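Take a look at these structures.
You will see subunit A twice below: alongside subunit B first, and alongside subunit C after that.
Coming up: the complex of A and B.
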């Protein structure tokens, strides 16, 4: 028991020391060594604390602590969290359970947090966003309706996202009306009037910003011009694909119609809250010091080189209460560079093209099914 | 109790909507249902308003207890 406690404390120290590094300042060699070392320890920590996870590792011949290179860290398919509740903590240390939003026909992910992991998530988010927003809190217009955070016991992904981002704002106002999700023009006008001449923060989910804010305002013919606004948005493009809206169109439209000149998307998921990948001024998604991405060939799970599309694997040092430190997503992407972005931030950069087509998912469904039965498949 | 300490306790009681008797130095964020992330935002806004200060993002996260709140406010020349 003592040595287990010791190991946990040492692991926590290692994660803390990595979090203390400059978020976008760790050169690739140093970063991959540091991440491999800590992710190895996380892997064995979860193996000893979460029996189903240990069984998955064993099924793949991983038994007994041994070091992994970054590309060899075992990964779980992200949908495993929809089918199983995987926890590495005793029940009495459960602090919060995050669930993904999803339609009724879909199963939702359940992510078990203890106080430690929850605190790490908040700190991670802060250290990333401070790089884009500074330390001062900005007047914040939330592109959603106030009701989205009303039910405080169930943290929907949207409500949790809004609450997490609220730390960066002051004088919060909600831009949409509860009853019909239409823009609340009075509130918006009052907010803009009150903060004239100040830099302001807008935050919302991508499809909410487009369908419930930008489009109705454009259609209404009301002219609205922000002076110095930074918009941060997330949630994916799936719902906008039918309208053929992708990032470049999104940014150009918001600039033209509303004079929102700084627009940053981020990629992240409820299974790894806190380790988000922010889009820089050059349109690339950036990995922070404590997280990374690999792109894998969906046919044989081999790691793909720069510029080749495949399935995105996300790695993060934050999850210690559930075995979610290495996950294979269902999103297609490619990595675009490492330590060479014109914006000056270090770390790997990548692009996301969206969810893998259902047909293709079914195509490699056998492999997925095999993964669910047997656990992760190593390249 | 100093005036500002008295004021601090009142702000906590009002923002979290709990009895003043329950406010102690060790009362911590997320240890009672009334002090959750939504109430935290209301608390921050009230502290800024009543003490006439501007807190930054680090302060929001660091404010994990009543004692910690006093420490952070002291940074902004609020005397206890």
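Coming up: the complex of A and C.
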């Protein structure tokens, strides 16, 4: 028992020291060694704390604590969290349970957090977003309708995501009307008037921004020009792909029509809250110091080199309360570089093309949203 | 009561016209000629060549085989007086494209009128079959057949199913358990009957000693046969082997199995499985899920086209299986160790290295809780008029007794 406690304490120290590193400042060799070491420890920590996880490791032939190279860290398919509640903590240490939303027939993921993992997630999110938003809270215009967070019964992961990100803003206003999701021009004008000359934060889900904000404003002929706005958005491109809208078009359109010059998408999931992957000024998604991505060949799970499409595996040091530190997603992507982005941030960069064909269908704006939720939803 | 369906053959008759047309004699010349003509047209079509399951169907439809079917039927039934039941409504499955033809033709050979419902999900194979069928049915010489058969397609629509059910004497339901349950809620005329084919699970049984002792041609015959059984239809047919049971002592079985899979991997490397990324992920999810519930080893294989899960304790784990090249494996010391595994969902056992006599003795020794058919490895997907324990040629006819 004592040695288990010791191990846990050592693991925590290691994670803390990695979190203390500059978010985008760890060079490749150093990062992969550090991550491999801590992820190895996390793997064996979960093996001793989560019996079903230990059984999976054993079935794959991993027995006894031994070190893994980064590419050899065992991974779980992310869908397992929909069918099973996997926890590495005693029930009395449950702090909250995150769930992804889904439409009717879909199952939801259940992610079990203790206070420690939850705190790490919040810290991680803050340290990443501060790199883009600065330390001060900005006036925040939410590209959604106020009702999205009000009705607790239909409280969606979208609502949870908005609440989570609201912590990074102040003087919040909602840009859309409850009754018809049309832009609330009066509120928007008032917000812009009140914060003239200040930098402002816009946040919304990708398809909400496009379909309910950008397009109606464009169609109405009203001219709206933000002076200094940064837009952060997420939730997947599936709905927009149907309209053949890709990231480049999205950004160019928002700049041209609304003068929103800084637009950042991010990739992340409820199964690894906190370690999100932000898009930089050059359109690349960046891995922070405490997380990484690998791309695997679905044909044999081998690790793919730069520029080759495959399934994305996400690695994160944050999950210690559930075995979600190494997950194989159902998203197709490729990695585009390492420590060589013109934006100057270190770490691996990558691109996401969307969900693999014929995968289990999921709703849009759901799982990516839940990752931002703060405050207990259940438990 | 109305319903909308799309007829898949030109100049289709209405339901009323169909009902007012008389049935044919069992194994009538018209029916035999039509089936044989379709066989010829599929053999000639360059489109069919890419699909071994279509060629297998065409082979089954040859006149020689039909004559054999007729003889077998007569042998089994002696001088019983058999007549067609009337109208048979076939509800085809969406996972195996050729089943609708087998089901339809057995009934056609019995002399029945037929309504065949195809699912709205189409495939290249289905389209090839449909275009060949439509072409033949529009020829003047097959008017007798065209008048008595209706091929329709519609989505999930209880109204249409209710309408078609109301005019049939036998309803034949192919499909998963959910489809069967759903269709059963829809009433049939009081005098009608139903034959339903639910989800089934199949296995392969291989003698480990026989494998190790076998010469190269025998091994190659078995692995090729197994490849066909398992990989046509992406392991999604009811008769596709999903569990491989090795008959033999555990370490011997593992040795035989490792050799066997090396050979299968070699076959796979030169063929296209058509599996998608989702298939590979599904298999990982299924094997990890099984690992949580039971003691298993997920064994290394050449690539993800073969995913092997070795079970410490023999079991079916049918709920865990997702197809697409996922194989559960176990070893048993004696045939009788198979008994506790069986339940009614077990359909086909494809065997290798065991004699048919041994199997018959085993079947006779005590009633089995499952298994409908035993076939030599390589013939799991062969269609047979006795399916899931039903003699379809018998079920689709009515016997008249004269005392």
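Here is the rule we go by: the second predicted complex is superposed on the first by the 352 of 379 C-alpha atoms of A that agree within 3 Å, B and C clash if a C-alpha of one lies under 4 Å from a C-alpha of the other, contacts with A are read in each partner's own complex, and residues count from 1 in each chain.
FYI, contacts are C-beta pairs under 8 Å (C-beta built on N, C-alpha and C of every residue); 3 or more make two chains touch, one makes a residue touch a chain.
These numbers come from a predicted model, not from an experiment.
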Considering only touches as defined above, state whether A:298 meets subunit B (first), subunit C (second), both or neither.
second
First (subunit B), second (subunit C), both or neither: which does A:149 touch?
first
Is A:59 touching the first partner subunit B, the second partner subunit C, both, or neither of them?
second
Which superposed partner A:84 touches (first subunit B, second subunit C, both, neither):
second
So, A:126: does it touch subunit B (first), subunit C (second), both, or neither?
first
Check whether A:29 is in contact with subunit B, with subunit C, with both or with neither, and answer first, second, both or neither.
neither
Once chain A of both complexes is superposed, is A:170 in touch with subunit B (first), subunit C (second), both, or neither?
first
Which partner, subunit B or subunit C, is in contact with more residues of subunit A?
C
Can you check the complex and tell me which residues of subunit C touch subunit A?
276-278, 280-281, 284-285, 287-289, 291-292, 295-298, 300, 302-305, 309
Contact set on subunit B toward subunit A in their complex
30, 36-38, 41, 44-45, 48, 54-58, 60-61
Would you mind writing out the residues of subunit A in touch with subunit C in their complex?
52, 55-56, 58-61, 76-77, 79-80, 83-84, 298-301, 311, 328, 330, 332, 356-360
Residues on subunit A engaged by subunit B in the complex (per definition of touch):
95, 115, 122-123, 126, 129-130, 133, 135-137, 149, 152, 163, 166-168, 170-172
